[in-house]
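Per-chain residue numbering starts at 1, and chain names A, B and C are given in the order in which the chains are listed.
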């Protein structure tokens, strides 16, 4: 049986390589443009591309920001490796994962995990799949049935890999059933109709919504509420957060969703990266305070040096 | 060992290419190539997904599991649209090339494919979206309870926005002159104040946090620190 | 800041009618919502609209570009969002056509092309028969690539769209034959339901060339919070949800009447049910809170 499992595992190497390539693209688009999202909060000025130089000097401030943030994250990891104690705020939603899966096991009902409706190009889907691995490990330990309907074929492949790895890690490779992880349809509301229909018929006791969601967030959450399931959601779509907050029992908001995988792993390196992320947030807060102060003082003296400094900062970092 | 090393190496290499391409002009074509690779992968993966869809639904039908009729409807619809679309059955001939079958327009509602889109698919998706109105009402009834100060603030904000988004807002406070000192109490002014200042500020804060979370997650994956998406053995 | 909601049982105490209302079966709520939407539509309830600054800014943005100048309309939504966005799309097309703008249609969503086709068939062809395809308007259709499409169009439109949706080469279409990049347009309008949409147009089109053209957008209500930071600097105008559509329709029809007003009047039609539904929701929220207070005052069991 172990040989068969190893052979099947080799055959998933191709899918793993595919998933890796699929993950790399959103990671780096997200890494490079994640900071650009901060730029979007402020009016941006002209950014004429320096097409005749190797390095795009118009994106220099963004490069500096990336270096600082990445440096903070790497610094956090190295601090964690040095053995310094790490204090991470408890996240009630993640502490409730065991409770939710335990409840499902006691009731003899399944656990539903929805990894969002976007493809692996979206970093939220990647984060959702990494959380799926953790949830699947707990489900394997509790011997709970975990169902993962997916909206994209590559996500299905990645989800199968993650769940299989989780079953191995839990020491229950024989309980892995790839038939529980299926592709439904790429169409948003067709997917919603299929998942909500199965929720009403199968009545899972615990529902996890982790990934990128749009209009279907409230449809999932209200359906889950109507069947009495305990619901834990996490997304980085700001427009959908209110629906999850209103209808779910626990919600991971924005950055907590991205920290969830590291939190659940318990590994020092990953927890250190959360500390680095928090340091980056401190820097952002400091920059906002300085900018607000300069702009406020500058408003009283529009021709003064302070106003000029505020305008320079806005132009430089706003793009 | 290679099962885990190769995927991580692919991730790291293509990750670095994408970052470099953002800042270095001559590397832009490399990132476009990586994007094209992904498009090819997802096109191939679609075959995998379709195969899985067929396998799951056929198994449901053959074993007569509860709800197998839905699986039959799924497969019939899938093949009907596939065949009609691929072969352009019933397409309206192109006036410039009337003898070339595949030049015909199959998206117009005069053709079966276009008809199914216009009169089946489009109403179905609109219906699913329309369900949100009912769910919003039940969620609001259940969740909007004034249990503490934050809830009361939320309730007040909800009332203002709900009224301001309709003619009732103008009816109730439209009589207040725009240039008076009490103009700020008009529902439209309150709505603008809430959405453009309070809501936008909160949204920006969440967006900054999300951006940092994205950066940290991406770095963990590129550096190979988080490997939970890979097989173990 | 995670949130934790406990089950709403703290208002179920006692046998008072008000307290029991806190556990009202959701099907009664659904029935009330259904009636609140159906009855105003059947009774054709209409209310006057007073344009907001954002809707007026959108109208003024279109009015400010020279007559006959080329505009790009991007249909970035699908049938699911059509109920909210189609009214503004129809009004926008009628507005542009009334000013004899040269219109280029495109879509970043796969089903956006069909929505554009529908708008052409229902608004452009019947009420502006002088418009000739290829000369006065072109349908470029859908291209995959999300914001990549915008990035490439910003520098090289023919590379992204070598042909239009019907397969005709761009160089053979008089309207777009000489167009090199997005600076050929005086106005870009994105009617968007999400990603990709108006935000991507601002980031990747307006960002590199902020003075080349004006950008206006129409979005669903939930998306507005993500677009507000761009107004009014990067986006000159914004139509928000059905209310924005209704206000814009009123402005457009006021200056450019149409033979069949209902063609660009669907936004105003939908404001009637919206008013009643919003009042119903306010009533339900008040009722729920009264039930909660009634349950607590009777010392309901937790």
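Criterion: a residue touches a chain if its C-beta (ideal position, glycine included) is under 8 Å from a C-beta of that chain, and two chains touch if they have at least 3 such contacts.
Computed from a predicted structure; not experimentally measured.
Engineer: If you connect every pair of chains that touch, what shape comes out? Choose line, ring, star, complete or other.
Structural biologist: complete
Engineer: Measuring from the mean of all protein Cα atoms shown, which chain centre lies nearest?
Structural biologist: B
Engineer: Report which interface contains more C-beta contacts, comparing A-B against B-C.
Structural biologist: By the number of C-beta pairs in contact, the winner is A-B.
Engineer: When the C-alpha atoms of chain A and chain C are each averaged to a single point, how far apart are the two points in Å?
Structural biologist: Those two chain centres are 28 Å apart.
Engineer: Can you work out the whole-Å distance between the CA centroids of chain B and chain C?
Structural biologist: Distance between chain centres: 16 Å.
Engineer: Which positions in chain A touch two or more other chains at once?
Structural biologist: 40-41, 49, 188-189, 215, 238, 253, 256
Engineer: Quick check: what residues of chain C touch more than one other chain, meaning two or more?
Structural biologist: Those would be 5, 26, 78, 80-81, 225-226, 229.
Engineer: Could you say which residues in chain B touch two or more other chains, in rising order?
Structural biologist: Answer for chain B, listing residues that touch two or more other chains: 35, 125, 128-129, 136, 138, 140, 142-144, 203-204, 207.
Engineer: For the complex, which residues does chain C have touching chain B?
Structural biologist: 5, 8, 11, 24, 26, 29-30, 32-34, 37, 47-50, 52-53, 78-83, 113-114, 117, 144-145, 148, 221, 224-226, 228-229, 241, 243, 271, 274-275, 277-282, 284-285, 287-289, 292
Engineer: Report the residues of chain A in contact with chain C in the complex, numbered from low to high.
Structural biologist: Contact set of chain A toward chain C: 36, 40-49, 91-93, 188-189, 214-215, 226, 238-240, 245, 248-253, 256, 319.
Engineer: Taking the complex as given, what residues does chain A use to touch chain B?
Structural biologist: My answer: residues 6, 9-10, 12-13, 16-35, 37-38, 40-41, 49-51, 53-56, 59, 62-63, 66, 69-70, 73-74, 77, 119, 121, 123, 126-127, 129-130, 133-134, 152-154, 156-158, 161-162, 164-165, 168-169, 179, 182-190, 192-193, 197, 201, 215, 218-219, 221-222, 225, 236, 238, 241, 243, 246-247, 253-259, 261-262, 265, 267, 269-270, 273-274, 276-277, 280-281, 284.
Engineer: Under the stated contact criterion, what part of chain B meets chain C in this complex?
Structural biologist: Those residues of chain B that touch chain C are 32, 35, 39, 107, 117, 121-123, 125-126, 128-130, 133-134, 136-138, 140-147, 155, 158-159, 162-163, 165-168, 170, 174, 188, 192, 195-196, 199-200, 203-204, 207.
Engineer: Okay, in this complex, where on chain B does chain A touch?
Structural biologist: So the residues of chain B touching chain A come out as 2-4, 6-8, 10-19, 22-26, 34-35, 37-38, 41-42, 45-50, 52-53, 56, 66-67, 70, 124-125, 128-129, 131-132, 135-136, 138-140, 142-144, 203-204, 206-223, 225-226, 228-233.
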